[in-house]
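Several structures are given next for inspection.
The same subunit A turns up in both complexes below, where it pairs with subunit B and then with subunit C.
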Partner chain A sequence: MSTIRRKPGQIVVWVLLALVTLFAAFPIYWMFNTALSLTSELYATGQDLWPHLERLPRIPGSLAAVNALGLLRNSAFIATGTTILSLVMATGAAYALSRFKFHGKGFAGFFLFATQMLPQALLVVPLFALFVTLGLINNLSGLVLAQTAFSMPVATFIMKTAIDKIPYEIEESARVDGCPQLGQLSLIVVPLILPSMAAAAVVTFFDGWNEFLFANTFISSAEKWPASVGLAQFMGQYATPLSTVMATALVFTLPALIFFLIVQRRIISGITAGAVKG
Partner chain B sequence: MPRISFDAVSKSFGDTRVIHSFSAEVADNEFLVLLGPSGCGKSTMLRMVAGLTDITSGEIRFDDMRVNELEPRERNVAFVFQSYALYPHMTVRQNIAFPLVMDRFKKIYHLPVVNSIARRLIARQPDVLERVEQVATMLELESFLDRRPGTLSGGQRQRVAVGRALVRDPSLYLLDEPLSNLDAKLRAQMRTEIAELYKEVKKTFIYVTHDQVEAMTMATRIIVLHEGEIRQIGTPEEIYNRPADTFVARFIGSPPMNQIPVSVRDGQATFLGVEDLAKAPAHGLDDGEYLLGIRPERVALADGEEWSIPCEVTWAEFLGAETIIGFQLGYPERDAGKITSSDAETSYLAKLDGTMRLAPGATVHLAFDPAAATWFHRDTGKVAQHPKVQDSVTA
Partner chain C sequence: MGTDTTRVAESISGEPRDEQASPAAHRRRRRLSLGYLLIAPAMLYLVVFMLIPLYRGVQLSFTDTRLVSPAAGSYVGFDNYQFLLGSARFWNSMTATIIYTGAVVVFSIILGTLTAVLINRPFRLRGGVRAILLFPYATPTVAAALVFVWIYNRSSGVMNETIGLAGLGPVGWLGDPRYGMFSVVFATVWKVFPFVMLVMLAALQSVPDELYEAARVDGADGLSTFRGIVLPHLMPTIRVVALLMTIWSIRRFEIIYLLTGGGPVERTNTLVINIYQQAFQQQRLGMAAAIGMLGVVLSLAVTVGFFVVERRAAAQEAQA
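Up next is the complex of A and B:
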C-alpha cells in the first residue's frame, strides 16, 4: 500500500495546527509588511495586505540611519556574555548542588530560587546604587553581570535536574579509571547534559537579548543602547517612524531565531540512553 | 598481585551500622565471593576495597600497606558495576581506552576543551589502539568497537564493562553483581566467561553476588555476609557441607535445608509437637534443645526396614528430573494443629526422584540418615555438630 489513509480526525488536527501557526506567524508577517510601508500609508490611507517588495532596497538605508547594527551589536554582547557567564557558573553550581554534600546546601538551593521571586523592577534602585559605587553605570559588562544574576539560577536548575538523572556509577567508574573530579565533570558529566545546557543557553540568551529594564536605567549614552532600548527610543512625542521601528524589530528577531535553530538540535538529541540498563 | 587483609573494618552511615568489624584475609590469586541477601553490606564492602566509600573504622591493607586513604586509581583496582556504568557518549573503543587515556593524562589536560582534544589524541596512540584491539579480540567485541553502548545488548555491554576493567591489567578485579541484569541463559554463559577470564588473567577477584549458584560455581572461597557480619568463610564445599549456623545453612542450597526443632535426651532426639513419633538417634550431643538440619535431597521415602517417621504431604511439585514435596511431621488426622515447627508457615521439604507421584494429603513414611544431619543450638543458631557423613560434592 503506497497511499496512506488519513483519518478524518487527523485532518481536523492538521487544520487546527495550520490555524494556530497562521495565528502565531501573522504578527511577524505584519511586521515585515509594516517595514515596507510608508508612514503616510500607515497613518492615512491604510496599509496594503500585500507587502511592497519593491521597497526592500530602502530598508538597509533606514536601518543605517538609526544605527541598527550598533544596537544589535550591543544586544549580542549582552546576550552572549550572559549566556557564557551563566552557563559556566551554573555548570559548577549545578554539579555541586547535585553531587556534593555540604552544610547549607538546602539554603543555597533556596537562595538561588529566591532570586526568581524578586521582580527586576524592585532591584533597579539598589542595583543602581551598587553600580554607581562599582563604576558600572553606562557599562555593557555591568549589564551582563546584572542579567547573569537572574539567568544563572534558572540555568542552574535546568542543569541540576539533568545531572541528577545521570547514574552516579558512571562518575564512580571514571574515578576508578583514574579520572579526577574536575575531569569527571568536564569529560563525563558535561557531554551528557549537553541537551539541557542547550536549553539553558536558549533561556539565558533570550533573557540577555530581551533585556530592557536595566539597560534603560543604567545606560545613558545612545551608542551603548541595546536594540530593545533603541527601539523604545524611536517612539517620539510627535512622530514614530513605524516602518523603521518594524524593520529594526525584524532584524532584532532574526539573530535570536538563528541561535534557537542552532541549539534546538542539541535539545532534541538526548544521548543518555543506554548508559545503564534500563 | 596483593594479598588483601581486612582488619576490623566497620562502616556506618549516620547511626546505621552496615558493616560490623569485618576481618578476613584474601590470598593472592583468589576468587573470593562475597555472598549474602540484599542489604547485607556486601556491595558496601566491595566499594570500600575499591576506595569509592570511606571506611568508618578499621584498616584495609594490600600487602601490609594501608590503603584506607588511597584513591581508587592508586589502588590499581578495576571495578565492574552492576549497571555496567559505561560512558554513553563514547564509542566502545573510547570506553575501553578510557583507563589508558587517563593514565597518560597530565593535569593541564583537564582544562575544558583541551581535555576532549587530549582524550582523542591519546586514544589514537598506536600502543593504546593495539591494547584496545587486543582486549576487544579477547572479548569478541571487534565488530562493535565503533558503536555506542546504547546500541548494544545487555551481554555486549557487560563485555565492554569487563573490557574496560581488563585493559589496564589491574592487580585486583572487583565485580559488583555483574550478571544480575542479564537473562538466565546469558547469565550462565557470562558466568563461564568470567570463570575463564579468571583462569586466564591469574589475578585476585572479589565478586559480590546474592546468587548462590554464581558463588558455588566460581568461587575458590566464599564469605557469607548477613546484616553486616561475617557468618562464615570457607570453600564452597565447606559452606555447603559444614554450615556454621542456621542462616548459612538456609541461605546456601536450593531448596534450603530443613531445620526441625528437637529435644535431645540421652542421645535420642524427640521431634517437638509430635513427641510420640520415633526418636532420631543423636549420638554425641549433650542434652538440650536443638535444630536438626537435614538437606531436602537427604530425605527419602522409607523402604520399610530402617528408622522412619510418618509425614503428611502438604504439596508436591513435579520438576522433571525430580519432585519436590512439602511435608509436615506426624499423621494429619491425628496431629492436626499440634505441630509446632519453628516456621509453621512453611512445610519441610524433600527432594525425591522425578518418578514419584505424591498427592497432597497423603501420608508417607520418610527417612534420612541421622549421620548426615547438622545439629544447631536452638538458642544461638550456631552449629553443634557437623554431619558425620558428607556428600562427596558432585563436581
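Up next is the complex of A and C:
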C-alpha cells in the first residue's frame, strides 16, 4: 500500500468507523437523554439532542416512584441463583468433558449444543405444566430452575474451552505427588480457569438478569416481577412518564455494560476458541 | 434471547486433540466412573428441565389440550400438523421467520465483519471504541426494545425526525406493514452485530502476518488484500457464525414480541411469536406445541445442512 493510495482509503475507514460507533452508542445515549427529558419536551416541543445533565438529581426520585429497586432486587435474585446453580454443575461437566474418556461423551457434548436450538417459547408451555405440578408458578426460584437449563450449557462451553488450554502435565505431576482427582480439579484446575469462570459467571448472571419470557409467563404478582417484566409492563401504559421508564431501563442496563466490559476478553476467547479453528 | 454464546465446533467434535496422544490416557480410563459422576448433575438437570419438557411438548402437539385445563387434552393424531400445513397463517409465519432470519444473518455478518476489519489495527482510542461497540451486546433485550420503540415512535421518535430533515416521512416504523419487518431486523442487527464482530476479530488475529506481507510485496491494495487473503481465511468462521446466528434468529422472541408483537398485519409473526400467541392468547397448547415442533425441525434442517456444507468445504480446502 503506497502512501498516495492509502490516504483516501484512510478517510473512508475513519468515516465508516465513526458511523458504526455512532450506530452502536446512539440507543444507549438516547435512553440516557430521554431519562433526562420532560414529558412536554418529549411529546410537544421536541427532545433536545444534548442531555439536560442538571436534571440528574431528579432520577433517584423517579426511580423510587416506580419501585425500581424492588424490580432490580428480583432480577438480582434470579441472576444470582442462575449463576450459582449453573456454575456448580458446569464446572464438573466441563472438567469431565475436557479430561475424561467415557462412553456417551460425544453424545453429552451434542446434547449440550442441541439445547441452543430449542426455543424458550416452545419449552415454556410444557414447563408451565411441570411448574404447576411442582408448585413453582409465581415463584422466583422456579425462574432460576428454568433459566439454568439454558445458561448452564453455555457456562460449560466457556469453562471446557479454558480447561482444554491447561497443559495436562500440571495435573499429572500433582497426581504423581498423590493428589486425588477431585483435589486436582479444585486445587489446580479451578484456580487456573478462574478468569474464565468469572466470564461464565457474568454471562449466566446476565442471562438471569435479562430473562423475560419465563418471568412474563410464570410470575403473576407484581411484587415478584423482575425488572425485565416491570419495564415491559410500563411500555404499554401511559401512567408512567417516559423519562422514568428510561431511567429504570438505564439502571437496568448499566450493571450489564460494566461487567461485560470488565470480562469481555475472557468471553471472547471462550466464545471463539470453539468457533475459530484459525 | 439470553446469551449469545456457544462454542460449536469443539463441543461437537468432542475431545481436545492432545488426548489420544497423552501417555496418561489409559490410566484416565480407570477413573471413568468419576467422569460420569462429574457430568451426571448437568445431564440429569437437562433431562428434567429440557428433555422431559420437550417430550411433553411432542406429546402435547398430538392433542387438543387447552390452557384452561392443561391436563384434559385428548389425542388427535396428526390433526394439528395437518391443520398447520394447510393454513395460510402458518405459512405466513414460516415466511416471516425465513425473511427475518435471512436478513438478520446477512446484515449482522456484513456489519460485524466490516467492523472487525475496521478495528483490527492499532489506533488511538481503540480500546474505547471497542468498548462502545460492545454496548448493544451487553444491553438487556427488554431495555433495548424499549428504547427502540421510542426511537421508532411515529409522531415524536428520532427516526422520523431524522428522515424528516430530508423531507421524508413520517413513517409508521412499527405500525406500517411495509416497514415492520425492516424495523425489527434493524433493531436486532443492532443488538447482535457486536457478537459477530468479536468472533471475527479473534479470527482476524489468527491471519498470519506473512500473508499480509506477501500481499504488500505483490502490491495489492487494501480491498484486494481483503478479498484475496483475509476473506478466504475468515470463511470457516463466517460459516460457523452464520449457523449460530440462524439458530438464534429462528428462536428469538423478546425483541420481536416487544417491538411489534408479531404485527403489523402479522408481517413479523415468526414461528416463535406464533407459538406464544397460540398458547397464551388463543389458549391452544396443543397447536402451539405443534408449531414449536415444526420450528425445531426447521432449526435441525439448517444445522444438518450446515454440517453437510461444512464437510464439503473442509474436503475442498484440504484438497486445495
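Rule of thumb we're sticking to: the second predicted complex is superposed on the first by the 230 of 278 C-alpha atoms of A that agree within 3 Å, B and C clash if a C-alpha of one lies under 4 Å from a C-alpha of the other, contacts with A are read in each partner's own complex, and residues count from 1 in each chain.
Please note the rule applied: a contact is a pair of C-beta atoms (placed from the backbone, for glycine too) under 8 Å apart; a residue touches a chain by one contact, two chains touch by 3 or more.
All values derive from a computational prediction rather than experimental measurement.
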Touched partner set for A:Phe77, first subunit B, second subunit C, both or neither: neither
Touched partner set for A:Glu172, first subunit B, second subunit C, both or neither: both
Touching partner for A:Pro191 - first (subunit B), second (subunit C), both, neither: first
First (subunit B), second (subunit C), both or neither touched by A:Ala256: second
Greater subunit A contact set [subunit C / subunit B]: C
Contacts of A:Leu182 with subunit B and subunit C, given as first, second, both or neither: both
Intersection of subunit A interface sets (partners subunit B, subunit C): 172, 175, 182, 271-277
Of subunit B, residues touching subunit A in the complex: 50, 52, 71-73, 77-79, 81-89, 98-99, 102-103, 105, 110, 112, 115-116, 119, 148-152, 154, 157, 164, 168, 181
Partner subunit B, residues of subunit A touching it in the complex: 167, 169-170, 172-180, 182-183, 186-188, 190-192, 271-277
Residues of subunit C that touch subunit A when the two form their complex: 2-3, 5-12, 14-16, 18-19, 22, 24-25, 28-29, 31-32, 34-39, 41-43, 45-46, 49-50, 52-54, 56-57, 60, 70-71, 111, 114-115, 118-119, 129, 131-151, 155-156, 158, 161, 190, 194-195, 198-199, 201-203, 206, 216, 221-222, 236-237, 240-241, 244, 247-248, 250-251, 253-254, 258, 271-273, 275-276, 279-280, 285, 288-289, 292-293, 295-296, 299-300, 303
Complex contacts: residues of subunit A adjacent to subunit C: 1, 5-6, 9, 13, 16-17, 20-21, 23-25, 27-28, 30-31, 34, 42-43, 46-47, 88-90, 92-93, 95-102, 105-106, 108-113, 115-130, 132, 145-154, 156-158, 160-161, 164, 168, 172, 175, 181-182, 185, 203-204, 206-207, 209-213, 217, 227-228, 231-232, 234-235, 242, 245-246, 249-250, 252-253, 256-257, 259-261, 264, 267-278
